[in-house]
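Please find one structure pasted underneath; my questions will follow.
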Amino acid sequence: MLSKDKIFLALLIFIPISIAAHFLHWGEIVIFITSALAILPLAAWMGTATEEIAVVVGPSLGGLLNATFGNATELIIGLVALKAGLINVVKASLTGSIIGNLLLVMGLSMLLGGLRYKEQEFQPIVARVNASSMNLAVIAMLLPTMVNYTSEGISQSTMQTLSSAVAIVLIVVYALTLLFSMRTHTYLYDAGVADIDPGELEALAESNLVGEESGGKVNLPLWIGILLACTLMVAVESELLVDSLEVATKSLGLTALFTGVIIVPIVGNAAEHATAVTVAMKNKMDLSVSVAVGSSLQIALFVAPVLVLAGFVLGQPMDLDFNPFELVAVAVAVLITNSISSDGRSNWLEGTLLLAAYVVLGLAFYFHPVIEGIG
Amino acid sequence: MLSKDKIFLALLIFIPISIAAHFLHWGEIVIFITSALAILPLAAWMGTATEEIAVVVGPSLGGLLNATFGNATELIIGLVALKAGLINVVKASLTGSIIGNLLLVMGLSMLLGGLRYKEQEFQPIVARVNASSMNLAVIAMLLPTMVNYTSEGISQSTMQTLSSAVAIVLIVVYALTLLFSMRTHTYLYDAGVADIDPGELEALAESNLVGEESGGKVNLPLWIGILLACTLMVAVESELLVDSLEVATKSLGLTALFTGVIIVPIVGNAAEHATAVTVAMKNKMDLSVSVAVGSSLQIALFVAPVLVLAGFVLGQPMDLDFNPFELVAVAVAVLITNSISSDGRSNWLEGTLLLAAYVVLGLAFYFHPVIEGIG
Amino acid sequence: MLSKDKIFLALLIFIPISIAAHFLHWGEIVIFITSALAILPLAAWMGTATEEIAVVVGPSLGGLLNATFGNATELIIGLVALKAGLINVVKASLTGSIIGNLLLVMGLSMLLGGLRYKEQEFQPIVARVNASSMNLAVIAMLLPTMVNYTSEGISQSTMQTLSSAVAIVLIVVYALTLLFSMRTHTYLYDAGVADIDPGELEALAESNLVGEESGGKVNLPLWIGILLACTLMVAVESELLVDSLEVATKSLGLTALFTGVIIVPIVGNAAEHATAVTVAMKNKMDLSVSVAVGSSLQIALFVAPVLVLAGFVLGQPMDLDFNPFELVAVAVAVLITNSISSDGRSNWLEGTLLLAAYVVLGLAFYFHPVIEGIG
């Protein structure tokens, strides 16, 4: 575990490098890569800081904090890209975050966990509730696109009104999901966590920390400071990332669609990836699946609707009218994940199937022709 | 329960009002609304009369009677609209009945039942058989449309031949489903009903009655008379409803698609709605789910095929070539319902998810541009 | 069982008849029908020979042999049609083999088994692993087509590169599936086979033989000779079948699409059909489902990718860009099969539902307009 922290510490060096690259005009590719690398440790620390503060403020407010800031990195990158008018990159990275969490993160967790343990178990009930919420999210993303696709087209303003209305429904559903898991039906979720030795859980949480912290007392002002500082730095680095994205990816021979769907989400979700895989290898599959599916749900039910509403406020034409291929990708990702997770068991082959689906999707996105407006 | 009957009794006043509105030319909107309100108590009484007669004629013939007349209101409205040439309204109301039963009725049942009981259970085996039949029905509705969509188009007469052939397959499947549930595998269905105290079931059936009836003896001629009278009146009111539909909905700013998918099915299914929600709140989830899913199945496997064959006889170009968006709507409704009902348990969040899906679908239909020929 | 062997022996007469029909110019329809009939016994004997050799060479190599030669008939017909440039017939027969195995074979097995036994059981765990693999296969077939469909089209060479890359992923997944079932997680599969009395299994295997064989000793050179001779004869008959296909089906009023999807797969899979139905009627549903789903998986994860790579080598434009309607057909077949097999139980109604889906698909393919290039 120490090594992960050391890697994150070492990656901090890319913050000054990326800023220098920007001011000294070292080229867009250098800026793009260094700012992406700089975001990784910042995202990890934001996660840690959120969890630490959550512990102090108590379960209810803490749960809410986790639920709101859990995907803060994606949200910040999304807002910066939205402000820059890169609507299609924003949509692509939403698609990619969902796909990446479901297929890449869960697939790696099941594969690496499954290489060590013949069969791993997790709560099928929670998996089912999540599957149904995820189905609703897919439906909500699908319908505005299909309205456009199955008619002779609707105006941009109608599409934005429809998308905003759907976004509000999704945010309400998200709030109710939190109410369900944190208030009325906590016992469903507890069962899974109960298996986990509380000491280990704490050790796990702390393993994400850099610090010298040792006592039971959390230094609240310190962590709030770290959270604010990291948020600020993520915003700065996101600016660099987004500004350099178009030129850099073109020089690398990648379409903006591929970058948005595959590369940006890997940067934004690196912290979740690390956590989910680590706990899977400790046979805590419940937690691993929760992180992966929970993160997807948060993207679909919270980050995406917030970005739609933000687009409305910022005057950007952000809506839920996706490229049909992105919808196909999200739909198949949800389909195969539901099929694999529904029985509450996993093994290395199931992990491999998820990864294979991710590879096939990646190939398809790689060869998908440039789409006007994002390439 | 008394109040429900009183409401239905009070609604009878709309029968003369709607007829007066028609002859005194009070305007299409008044006719539309009053005839819709007049259908509600008539549909409820048709249901009660069917059940009463079913009790007398014995389980086999009675079951068949229930299975045939259970959705008589939808069938009558459909036939009247078909005769008037409003093919697209007929198709839209078939779509809407399936969606409404699965999402609105089952969603409300699970939500209101779930607010009172933490977790409710029902027979997962029956849910699975129903899910598979429903999948077949969706497939049968999907394929003719897709034949048209994935080729350069086929002629109207070929489409009608294909649709009629598919309709016959569906009716055969429907008959076999009845044979399965009433003859060869009754024990699967009994298990669920066994939980229900027979006294209560009877009380429940009687709660739908207006009457002074008290003894164990059913007045067969009376109920046959009521059934015939109600059927006749539903036909009359359906004429008024269908005739005023186009002008009325246009003045209300609604497309005929939205009216067909959302409003007409609520009128046609009000009785099922009331029953399913009532029994869910009494924790009889088995019965509630049966009513909702059974009604959808009846629409898809019996009412829709009968209307296709009726179109053939009436010389109307009725077929199974739906608007692709309607198919998407039915497919997602079946998908999320299967996902939620497959484990044989429900809670308030699952009800909310179904309702949210219904709201999102309603928004999408509301904003779907007018389609030529029905607007 | 004896009668099946006698039928197969009798069918051998069509080998000389079909060859005579070819040289004596008896007409394309005669050649088409006689060569189709001649393939049936050859395919059955290839299967028997493969199993016999598999027994001798031991479980690992034998399993591999079975997995590779299990669908040799389809592979040979596919290669011959590919060499003749009938790309769309090849694709259609792949689609049809998957659909036929899932719906027709499994449907008939469940129906005929279900008429004899009220409820039949099989391993739900194996069904789930297979369902997930099948989902991946559908996704892999779907994506290249969708890339083409959701963009302004991609060049043939890009499509072939993408398809080849996907094909390699599928073959790797297939190899890993074998590793999983034959090495790391054999116990999952054993449980099902354990129910089967080993004596009966052997009797079953032998029932496929014609011969006088009686002792425990397998005559390896004989069976290798039979395998080679049958393979050669299947190749010859496939040539006759493929050469006469276009003219014959046109004279019979069938489109090449219908022939490829419905007729060719029935010829290629007749042996599996016979086996799956026979064992289902002996209440060995585990084996029956394994044969049907296993054969579909082999087509999707092995035969189809091999044909794509063979097309690359032969310079034929074979890729994974299917007719959208074929994809719809495969997707709905997998959907309803998963829905029906997920609970590990079957009854006659579930068999009927699968058959009804097959009939509806058959009707849709029958009426699907001729597609340029294969009609």
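Order of writing sets the labels: A, B and C. Residues in every chain begin at 1.
Here is the rule we go by: contacts are C-beta pairs under 8 Å (C-beta built on N, C-alpha and C of every residue); 3 or more make two chains touch, one makes a residue touch a chain.
Each chain and its UniProt protein: A, B, C = Ca(2+)/H(+) antiporter.
Remember, it's a predicted structure, so these values are computed and weren't measured experimentally.
Student: Could you report, rounded to a multiple of 5°, the rotation needed to superpose chain B (Ca(2+)/H(+) antiporter)'s C-alpha atoms on chain C (Ca(2+)/H(+) antiporter)?
Tutor: That rotation is 120 degrees, given to the nearest 5.
Student: Please tell me whether the contact surfaces of chain A (Ca(2+)/H(+) antiporter) and chain C (Ca(2+)/H(+) antiporter) are same or different in residue numbering, using the over-half criterion.
Tutor: Interface between chain A (Ca(2+)/H(+) antiporter) and chain C (Ca(2+)/H(+) antiporter) is built from largely different residues.
Student: Measuring centre to centre with CA averages, how many angstrom lie between chain A (Ca(2+)/H(+) antiporter) and chain C (Ca(2+)/H(+) antiporter)?
Tutor: Their C-alpha centroids are separated by 41 Å.
Student: Quick one: which residues in chain A (Ca(2+)/H(+) antiporter) touch 2 or more of the other chains?
Tutor: In chain A (Ca(2+)/H(+) antiporter), nothing touches at least two other chains.
Student: Spell out the part of chain C (Ca(2+)/H(+) antiporter) that touches chain A (Ca(2+)/H(+) antiporter) in their complex, as residue ranges.
Tutor: 125, 128-129, 131-133, 135-136, 139-140, 142-144, 146-147, 149-154, 158, 161-162, 165-166, 169-170, 172-173, 176-177, 180, 184-185, 338
Student: Applying the document's contact rule, which stretches of chain A (Ca(2+)/H(+) antiporter) touch chain C (Ca(2+)/H(+) antiporter) when the two form their complex?
Tutor: Checking each residue of chain A (Ca(2+)/H(+) antiporter) against chain C (Ca(2+)/H(+) antiporter) gives 118, 323-325, 328, 332, 335-336, 339-340, 342-343, 347-350, 352-353, 356-357, 359-361, 363-364, 367-369, 371.
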